[in-house]
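Structure provided below as structure tokens; questions to follow.
Chain naming follows the written order as A, B and C, and within any one chain the residues start at number 1.
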Amino acid sequence: MNLLDELEHAGLSAQGEEMHRLAAELYPLCRSITGNGLRQTLAILGKRIPLRLTEVPTGTEVFDWTVPNEWNIRDAYIRVPGGERVVDFQRRNLHVVNYSVPVRATMRLSELKPRLHTLPDRPDWIPYRTSYYKEDWGFCLEHNRLLALEDREYEVCIDSTLAPGSLTYGECVVPGRSPAEVLISCHACHPSLANDNLSGVCVAAALAQFLAGRDLRYTYRFLFIPATIGAIAWLARNQAATGNIQHGLVLAYLGDSAAFHYKKSRRGDATVDRAAAHALRHACEGSEVLEFSPYGYDERQYCSPGFDLPVGCLMRSFWDSFPEYHTSADNLDFIRPAHLAESLRVCATIVNILENDRRYRNLSPYGEPQLGKRGLYPPGGGVSIARDVHARLWMLNQSDGRNSLLDVAERSGLPFAMIMDAAEALRRGGLLSMLPDAADAELVAPGDAKRGRQQEN
Amino acid sequence: MNLLDELEHAGLSAQGEEMHRLAAELYPLCRSITGNGLRQTLAILGKRIPLRLTEVPTGTEVFDWTVPNEWNIRDAYIRVPGGERVVDFQRRNLHVVNYSVPVRATMRLSELKPRLHTLPDRPDWIPYRTSYYKEDWGFCLEHNRLLALEDREYEVCIDSTLAPGSLTYGECVVPGRSPAEVLISCHACHPSLANDNLSGVCVAAALAQFLAGRDLRYTYRFLFIPATIGAIAWLARNQAATGNIQHGLVLAYLGDSAAFHYKKSRRGDATVDRAAAHALRHACEGSEVLEFSPYGYDERQYCSPGFDLPVGCLMRSFWDSFPEYHTSADNLDFIRPAHLAESLRVCATIVNILENDRRYRNLSPYGEPQLGKRGLYPPGGGVSIARDVHARLWMLNQSDGRNSLLDVAERSGLPFAMIMDAAEALRRGGLLSMLPDAADAELVAPGDAKRGRQQEN
Amino acid sequence: MNLLDELEHAGLSAQGEEMHRLAAELYPLCRSITGNGLRQTLAILGKRIPLRLTEVPTGTEVFDWTVPNEWNIRDAYIRVPGGERVVDFQRRNLHVVNYSVPVRATMRLSELKPRLHTLPDRPDWIPYRTSYYKEDWGFCLEHNRLLALEDREYEVCIDSTLAPGSLTYGECVVPGRSPAEVLISCHACHPSLANDNLSGVCVAAALAQFLAGRDLRYTYRFLFIPATIGAIAWLARNQAATGNIQHGLVLAYLGDSAAFHYKKSRRGDATVDRAAAHALRHACEGSEVLEFSPYGYDERQYCSPGFDLPVGCLMRSFWDSFPEYHTSADNLDFIRPAHLAESLRVCATIVNILENDRRYRNLSPYGEPQLGKRGLYPPGGGVSIARDVHARLWMLNQSDGRNSLLDVAERSGLPFAMIMDAAEALRRGGLLSMLPDAADAELVAPGDAKRGRQQEN
């Protein structure tokens, strides 16, 4: 089953629009690593895909960390006493330092200034700042707005609560024939920032919708979690089950116009690393594969040495590489339906490789078989042959039982989908047999998950 | 024995002329994958080198293929009824689609046109077309000639036969001390095309002549065969014997002025791959080593997964890369004696490596031995040393019993022949001993082939 | 212990001046591979570092070589009979071919000319020539001076002796906790040439002074030896002990302004090769790592196949690459205190890696540990992190027990010293434990060398 064809058939452009609409719906919510903004976000996603929510109580120890108090906020502002608000959380939730403790005070500008964060180089943008693990408070605002403030007394209010509660995450499982899993993870904790990471959230949700109900080789587990503490909490609660994860992707920054970047897993040569590199090579001009580093998003948790899971990270722009990063300029205009759609297509290209990569054996391995008599070679000698015929020759030549479709695609330089088509044409022509392989041995027949692992025939 | 020196001594330039004369003698014959044109070609070669001919009857099953009916042609033309020939096989045998079934008909130009092949971009050249495995007929002609034809009735005649007979190939074996073989294969089935592949045929014949009668390590098997079906037929009849093939080369396109190209075997790291890469690096400006691909000439059969023989392909231009490919412009002017001679020299360079590559052991491995007292180091300290002295230092340093001459040549960046001379000088100086190695263990003393494999001392 | 910090603290600039002063003191002496110039050189070094001298008698067989007669020289000149000296050894000892036999004669210029060496391309420079192993004599002079000589009779005198005596070398051992050794070798046999190799001699002496008295992991053995024959003599007398050498460096040409070059050991992937490559990558703009070759200085002896020691060669310019090589232009102006100091710093960088490279284990390997609560992560989320925090994340991620600090430095692209600091900070924070490794197992506690090898805890 070629998932790419099915995705094209489903209408990529419309899906781009749909993802952008979802992002627009989620954009105004004031998310954080805990609290109601995050819960509302998951509730909206839950209308589109089946989402199982988990609440991890404040104080729960998750490996080296402790789930913090839950943060909620109703209002925050700086105003001329009795006058108008000069900084107003109601207009933009980025104005308050995320996780600020409650404050009600009157203070001079000079006293307030150390708590005001601005970007002097981008004087019209608001920075995004947090203080999750140290009790603190502050405001973020445009540098020009700061310059315009008179040196006088202001009324300062942050109407927040930081109190025992829980950390929430959402999980969506799309079952396949095998208990072996593909993990798709995205952080869903940032407030009004679009590329970071409503883009990843919306692409993940669309991918889950697209895969749901199909006959899949792998089981797909989608995680919508707060960054770092969420991934760590999930890992702590599912440590044994991580053994099922055979491939994984963290999705982030997938709505802007930059070329694609794939950051390899810690292993560096995992199948998902090779699949993603292949997808980027063929799908996207200017794309780049980055070596693993322990800085980034939640792949750093999945790739911690105790787990060392084969999980990479797919992005367009990446952290720190775009000026809009962690500012109010990362807004709904910064992401575009077409970019989201193309990102979904690249995800599907990778998933298509994972689903279909397998080994075949050439049943006519001595010399080339005569393709012409099977209609698999163009008639009329003496002229060049097309790429799909090359793909058939490659599959026949390499199918000694050791090479998978992805191996052949890599060696030949031809797209995986073309190699896959060649394999199918040759199999139908009686020239190739599909081999069970180690991964297949772990797959179970559809509807047979309860019987456990058994060999496919 | 340095074969290169002997080749130079034999007069390369004269051999270039001789190869071109042979090409000129073979050029007019209308060869195909079967038939008398091929037989006449082999008969002419047989006057120069001992050639054993094999006839494989029509209908013989060779792996997935069946030997087709034999094709012969006496005449073919298109003419104004009762008038002169506007297309005439007697002038150029490319005019008829190779393997055309017999035809006698009168038809209008419009009816004939679908069977007329031209090259609109090269309006004065005649294309080369075949239809070996689908019964069909047609003509090839200059596009300008086609444009000049009036839209009227023409008399069309192809006086050919397609009937049970046999496929012919020629084999020339030059015996060496060992039953281990080097396979040299070239396709000899194309009609009046010079670079493709009279060039390969003539270089192969010259190489066989050059090697004949010498004291050789390996046995050399030269195949002059029709492309694809010929290689497959030979493989089918000699399947067990292919186990003796330790190295191999397909020779093609060796007469034009392009830089050399060597396409690696499927294994990619076979000794012949390394030897050819080394020869090209040192012998030829602008030469290039290409990765294996399953498209090309008969290396695709030798490298099919059931055989996976260490056989690469040596070319100057390669298929599709030169505009003259498969056209009448690939004529005797397109190939030059000097290019053929240089190609023979490159073949001899590769063969020289295969013949002489072996391992040595440094008998004075602790520190450098004092070369000066043996006349192997220039007197007078303080000045730079020449490349041949570097070669001696490299041989001494690397001869720990693991590295062969080719290994040392590759690591040092010096030519194999220079390393070989250094080894011989050091051996004579008592500083190196020659080691028997795995390959040598399979070699038998001269005249001793019947006693089978035994260790050399 | 970060040796680099200690070196900076000791005052690099002053050490550069001190090295240049030592070079100036040694410069006038007429050194050779034997004789009193070499002995005086070692005596001067012996005032700075504890040096054990070895005298190897003339005629001693050292592997393939024999220690030659000892050479000493008092005077040499060419003069107009009874008149002034036109070439005078007293002014520059390069004027005489090193190891010239004694001569007293009167001869015409035409007769003398074959024994006069000049550099026509550099007419004001005197070349350096030797004739160690062939009895000969000659003079070296400026080409312009030669051109100015009248064609008349000259009085020629070389007041030298070539007679049984001995070859001298000096050894300085700086003990460490382990009998495992780092070998530092430099040739000390060239007469008035500054970069070749007073630079190497002075840097080696300064490194020995710097290391003396410190608590070191390895024992450091410094060799000040005549080139080739000296290294071979040392190896012949210490063959069994070479088993202790775990790393080694030949030091040469370290005073000029060129970028650094490190020539790898024959092994190519020894720890010292990786350490030196790392040091050059981070320490020096434009530096280059060269593949091993068996031409150069005494690394060719240490890397002969019978020993194959992990010894590379650190240089700035390298042999033949600078016009001043082996000429009078390689004088005290050609080397500079700042360049010598920088060379010492690079040596210390490499030694610092060898001393401190070890493996650690992440004690909190599941997900990232919470660095913030330990003061190891900057407070305030949402901003970029500094390189030292990256270094901590890398150490945590890679410390699965397999990777050493150098492995982590290489993978992360961060400087070794930064990774080392990260490891120490994390160890103090309870997040890493230091692992004993194979090398550590061979180390003994300080003052415990007599008890032999035992495991460190």
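Please note the rule applied: a contact is a pair of C-beta atoms (placed from the backbone, for glycine too) under 8 Å apart; a residue touches a chain by one contact, two chains touch by 3 or more.
Only a predicted model underlies this, so the values are computations on that prediction, with no experimental measurement involved.
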| item | value |
| --- | --- |
| Classification of the chain B:chain C interface as same or different, half of numbers criterion | different |
| Angle (degrees, nearest 5) of the CA superposition of chain A onto chain C | 120 |
| Euclidean distance of C-alpha centroids - chain B vs chain C, Å | 53 |
| Residues within chain C bordering two or more other chains | none |
| Complex interface listing, chain B residues touching chain C | 362, 364-370, 372-373, 379-385, 390, 393-394, 396-400, 412 |
| Chain A - residues contacting chain C, complex | 62-65, 98, 127-134, 136, 228, 231-232, 235-236, 239, 266, 293-295, 300-301, 303-308, 320, 326 |
